[in-house]
Amino acid sequence: MDIATLLGLIIGMAVVVAAILVGSDMWVFLNLPGFLIVIGGTFAATLIKFPLKTVSTAFRVGIHAAFVGDKDDPKSLIDLAIELARKSRKGGMLALEGADIDNRFFKKGIQLCVDGMAPEVVRKTLVGEMNQSIRRHEEGGKIFRAIGDSAPAFGMIGTLVGLVQMLSSLSDPAAIGPAMAVAMLTTLYGALIANLIALPMADKLESRTDQERVTKSLIIDSVLEILGQTNPNVLEELLQIYLPENLRIKHHDEKAEEA
Amino acid sequence: MDIATLLGLIIGMAVVVAAILVGSDMWVFLNLPGFLIVIGGTFAATLIKFPLKTVSTAFRVGIHAAFVGDKDDPKSLIDLAIELARKSRKGGMLALEGADIDNRFFKKGIQLCVDGMAPEVVRKTLVGEMNQSIRRHEEGGKIFRAIGDSAPAFGMIGTLVGLVQMLSSLSDPAAIGPAMAVAMLTTLYGALIANLIALPMADKLESRTDQERVTKSLIIDSVLEILGQTNPNVLEELLQIYLPENLRIKHHDEKAEEA
Amino acid sequence: MDIATLLGLIIGMAVVVAAILVGSDMWVFLNLPGFLIVIGGTFAATLIKFPLKTVSTAFRVGIHAAFVGDKDDPKSLIDLAIELARKSRKGGMLALEGADIDNRFFKKGIQLCVDGMAPEVVRKTLVGEMNQSIRRHEEGGKIFRAIGDSAPAFGMIGTLVGLVQMLSSLSDPAAIGPAMAVAMLTTLYGALIANLIALPMADKLESRTDQERVTKSLIIDSVLEILGQTNPNVLEELLQIYLPENLRIKHHDEKAEEA
Amino acid sequence: MDIATLLGLIIGMAVVVAAILVGSDMWVFLNLPGFLIVIGGTFAATLIKFPLKTVSTAFRVGIHAAFVGDKDDPKSLIDLAIELARKSRKGGMLALEGADIDNRFFKKGIQLCVDGMAPEVVRKTLVGEMNQSIRRHEEGGKIFRAIGDSAPAFGMIGTLVGLVQMLSSLSDPAAIGPAMAVAMLTTLYGALIANLIALPMADKLESRTDQERVTKSLIIDSVLEILGQTNPNVLEELLQIYLPENLRIKHHDEKAEEA
Amino acid sequence: MDIATLLGLIIGMAVVVAAILVGSDMWVFLNLPGFLIVIGGTFAATLIKFPLKTVSTAFRVGIHAAFVGDKDDPKSLIDLAIELARKSRKGGMLALEGADIDNRFFKKGIQLCVDGMAPEVVRKTLVGEMNQSIRRHEEGGKIFRAIGDSAPAFGMIGTLVGLVQMLSSLSDPAAIGPAMAVAMLTTLYGALIANLIALPMADKLESRTDQERVTKSLIIDSVLEILGQTNPNVLEELLQIYLPENLRIKHHDEKAEEA
């Protein structure tokens, strides 16, 4: 559970609502037609930008990724890889048959080794799978970014519509102020949707994709080195680069204790 | 038929028209000279930006791609590739002569194999063809993006023209409001053309080009592995990466049933 | 002759002039000091941005490229390459001595082969020449883009100067309107120079450079395959990728007729 | 200690405060709700953009890097490398055991050599470590850049909220001015946070990362050449490229004196 | 001496001053506090963005490069390379000892050959030196670009400060105009510093870096081919690509005359 996403949304909303309530009533800032033109226009532009199927799945995948987060931490993957390397040094690749691996991508890689695939086939399959998987996950980030691009534009379009309506009928000077206030609300809606929700979500999804690339690279390295019967100690040295230094020192201590 | 493109355009138009009708009559927002300066200026800039021949064909190709969409789904292409691999393992490349292949790019690749071309020549020809084809399709996206860049600029130019005209003859203060309203209409036109039509269309065409790259890569991989007499089961493993996971599981079940 | 560039400029000018004349006299929009600050400032910034020699030649080369266009079409280059391949298969490289080749780059490549240069030297020379030639042609695009960046900035600077002058001497309220109109003219000039002339010209020059890259790649491929004594039929297959599909089918018919 | 960062912040603050005090009292520019909406909104968006753990560590690492700076200068690293190369030429790799090396990355590289790892493993480990380390340090730059993107947006949102409140209750014309002044303060806060603090800090962190890449490349080159038993004089020639010319001349003099 | 840089600065200043004097006195546009906030803020941000040492040297190097320009023209370097190639074909590498070479980079390359370094070491040293030299020269461009980014931002900050001061004390309506004029001056200062000085200088420095890359590539190619004992005529053919076509034809004539 990525608490930061939820926390950020709540704090952001609270700050804006507080700023509003300090100076006026809430209802001054609620305007249904203005809200509809921003939401409707952004939705329409998003529909044109992406295939229909992509929109719904990428949206669902994206929200899931933003709020749930990644379960695999590099530390435990490395420990698992070293354990598997030790097993395979003793009993050959077949000793890895049915090994207890939670991560589906790691499991698939080991299964390919057990099935006796050539190293080049294993590499091609895993790298290809990683690239395709990343490509699918990038869709989610792209959709939120597209929303973040469209929302301010339709906010401005709503404001332009409101200003033209106001200016073309300047009968009552006293009505100018409130009419302009209403016209500016759509710009405010667009800015909030983009800067508080869509663009930050897009950034989070992109950093998730980066994380995924690192994790899957670690797994591919592990599988290929296991298949190549690399010495577990060398493997440990090679994989340590995926850990931040503070975690690595701890790791070294464990090794010392083992010895 | 890509229903999303059409749906998006209709919803977008409806939302804007509704926002207009809520606050005023439609005719307040219609201004022929303003419309002409935005459309005409954007058209002129697009003519300068691209060769004449490119504009017309890319425009036509682009609209077709945006509304029609791709017929080839990866699943059926993979099934076809496995079938062809089985045939060629039994009867050699010549057994693929006249095979029933709908996709023109796949057909050409198999024909090159049947003609006895060397693997390197097949690869070079297909990759070159893919790159050139993608280059041609990218033109469509570029033209819509160019329109999306020019339209707001000419909307602003129209507004500047209107403001200068209004400011230079401030005889009747009562006329200021309506004159400014008219001046702002071109900015509104430019923003709508860019954000509701041109930029979303450009994005859709670019995602179409991405899809095409994936599909053609799948076909090139298939043809080269078939030519290399790869075992159909290994081929299936290799090509599965082009499928999303949910489709892949189903695929696995079929394999289980076959066995 | 690239008629699109000229046509675009004329249509663009006509549309803007028409929009002006609908609402006011032409002279309202003419302001010499404003025009000078935009033109002069943009010219000054361009002088600083590029070496003096580059500015004049790149400007001249750029305008030539934008209005004249490319004479070499891929179809005739491919036909020529196949003909040369046939000749060289019969009589060796020396048979190509003095062959009738209009394109200077192609001629140079064939001459290198006739001179007995090693394939690697031929490749290095031609690729190096292509890269340097493209680098020189890109200068033109860069200069027009620089103008397109500077013109709106100096338009805004002119407007700021005008506004400060107006605001610092608000003696006569009736003069505010016309003074603001004059101040806004420089913004209009800058926007027109950038969006109707400089940026579209830059885009056209960049698409010309892309075309040149494709044409020269085709020629390099041809020369190297001819030097490698590739079978003319295989060469034809390889080079076809440079043609759009409709031209290619026609090509295929010719081959059928030959057989 | 990177005095420039601190100096820049102090000078920037002083200039802005001075500009304020010249024309008015300080308290005109202090507005707590406005400050909270900019800070709170930016904080919320940053929380959504990055995982919670990343925010706190990257922020801490970033500030440390911006104010403290790098201790390793290329000159002393090169001298150290040449010394180690001489030692290893005499006594083999084992002579480097326990050598006095301050830089942890250099120490690790030499340790790998002493442990008898193959050159390819050493290279892979060090390059992998460099990339992962740079990736972690880039996070700091990204976070400050994200703050620099969000702060002006929330400044504008605060101004929009203030303007809507003011316009919707135009009862007292005399209150318009001060209300607008307050509304514009959030835009000012956002601009100051972004342009005086966040974006410059992001730039400094990025240039730190560039420095780190150069330093670590120097070390990797050194370790591999030492492992390859390169002649110390050749090594000196190779590593000199990491020095600016003025430092290099001095270096040459030392060599002359040695000879 | 790059006269264009100086000419551009003078023309730009003259145009702006002329535009000012046409409509008002010069002193209307002079405002010391406004000038200090733009200059001071930009200076502060630049200090934070770069290490202190970098700022001063890069600034000095940058201004030197912008006004002085490059002395080495490709034509004379090519002639020199051919001459050296001829010498080394007759007398071996040692014949190049003490050859009269003005360019320091060329001289160093030839010295490495004379010292009997292996081709791979020569290539590594020269390419490494080129990359490090370019990296150092890019710093200058980056600093001017940073100034060009900061100046308009601090111009806007100055204007916001001025507007808030004016709006918060609307006692005398007659003072509004002049106060706004003063507030807008900082925006004007920022725009002038960025668009007339900093950004054009950054562009010139970047094109200088491009030139340097081409010149150094030419020299590296020359040195390696000389070391490889390439035939001087082949070398001439290879290096000609660095010349524009019109210079090349002249070159060819000289060759004809030599023969």
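All chains are identified by letter, namely A, B, C, D and E, in their written order; residue positions are counted from 1 within each chain.
In this text, a residue touches a chain if its C-beta (ideal position, glycine included) is under 8 Å from a C-beta of that chain, and two chains touch if they have at least 3 such contacts.
Everything numeric here is computed off the predicted structure, so don't read it as measured data.
Student: Given the touch definition stated above, what is the smallest step count connecting chain B to chain C?
Tutor: Counted as steps through touching chains, the separation is 1.
Student: Which chains, if any, touch chain C and chain D both?
Tutor: E
Student: When the C-alpha atoms of chain A and chain C are each averaged to a single point, how far apart are the two points in Å?
Tutor: Whole-Å distance between the two chain centres: 40.
Student: Averaging only over C-alpha atoms, locate the centres of chain C and chain E and give their separation in whole Å.
Tutor: About 25 Å separates the centre of chain C from that of chain E.
Student: Listed in ring order from chain D, and going the way that reaches chain E first, which chains are there?
Tutor: D, E, C, B, A
Student: Where on chain C is chain E touching in the complex?
Tutor: On the chain C side, the touching residues are 33-34, 36-37, 40-41, 43-52, 54-55, 112, 117, 121, 124-125, 128-129, 131-132, 135-136, 146, 149-150, 153-154, 156-158, 160-170.
Student: Across the complex, what residues on chain E touch chain C?
Tutor: Residue positions touching the partner: 2-5, 7-12, 14-16, 18-20, 22-24, 28-29, 66, 69, 174, 176-178, 180-181, 184-185, 187-188, 191-192, 194-197, 199-201, 203-204, 207, 214, 234, 237-238, 240-242, 244.
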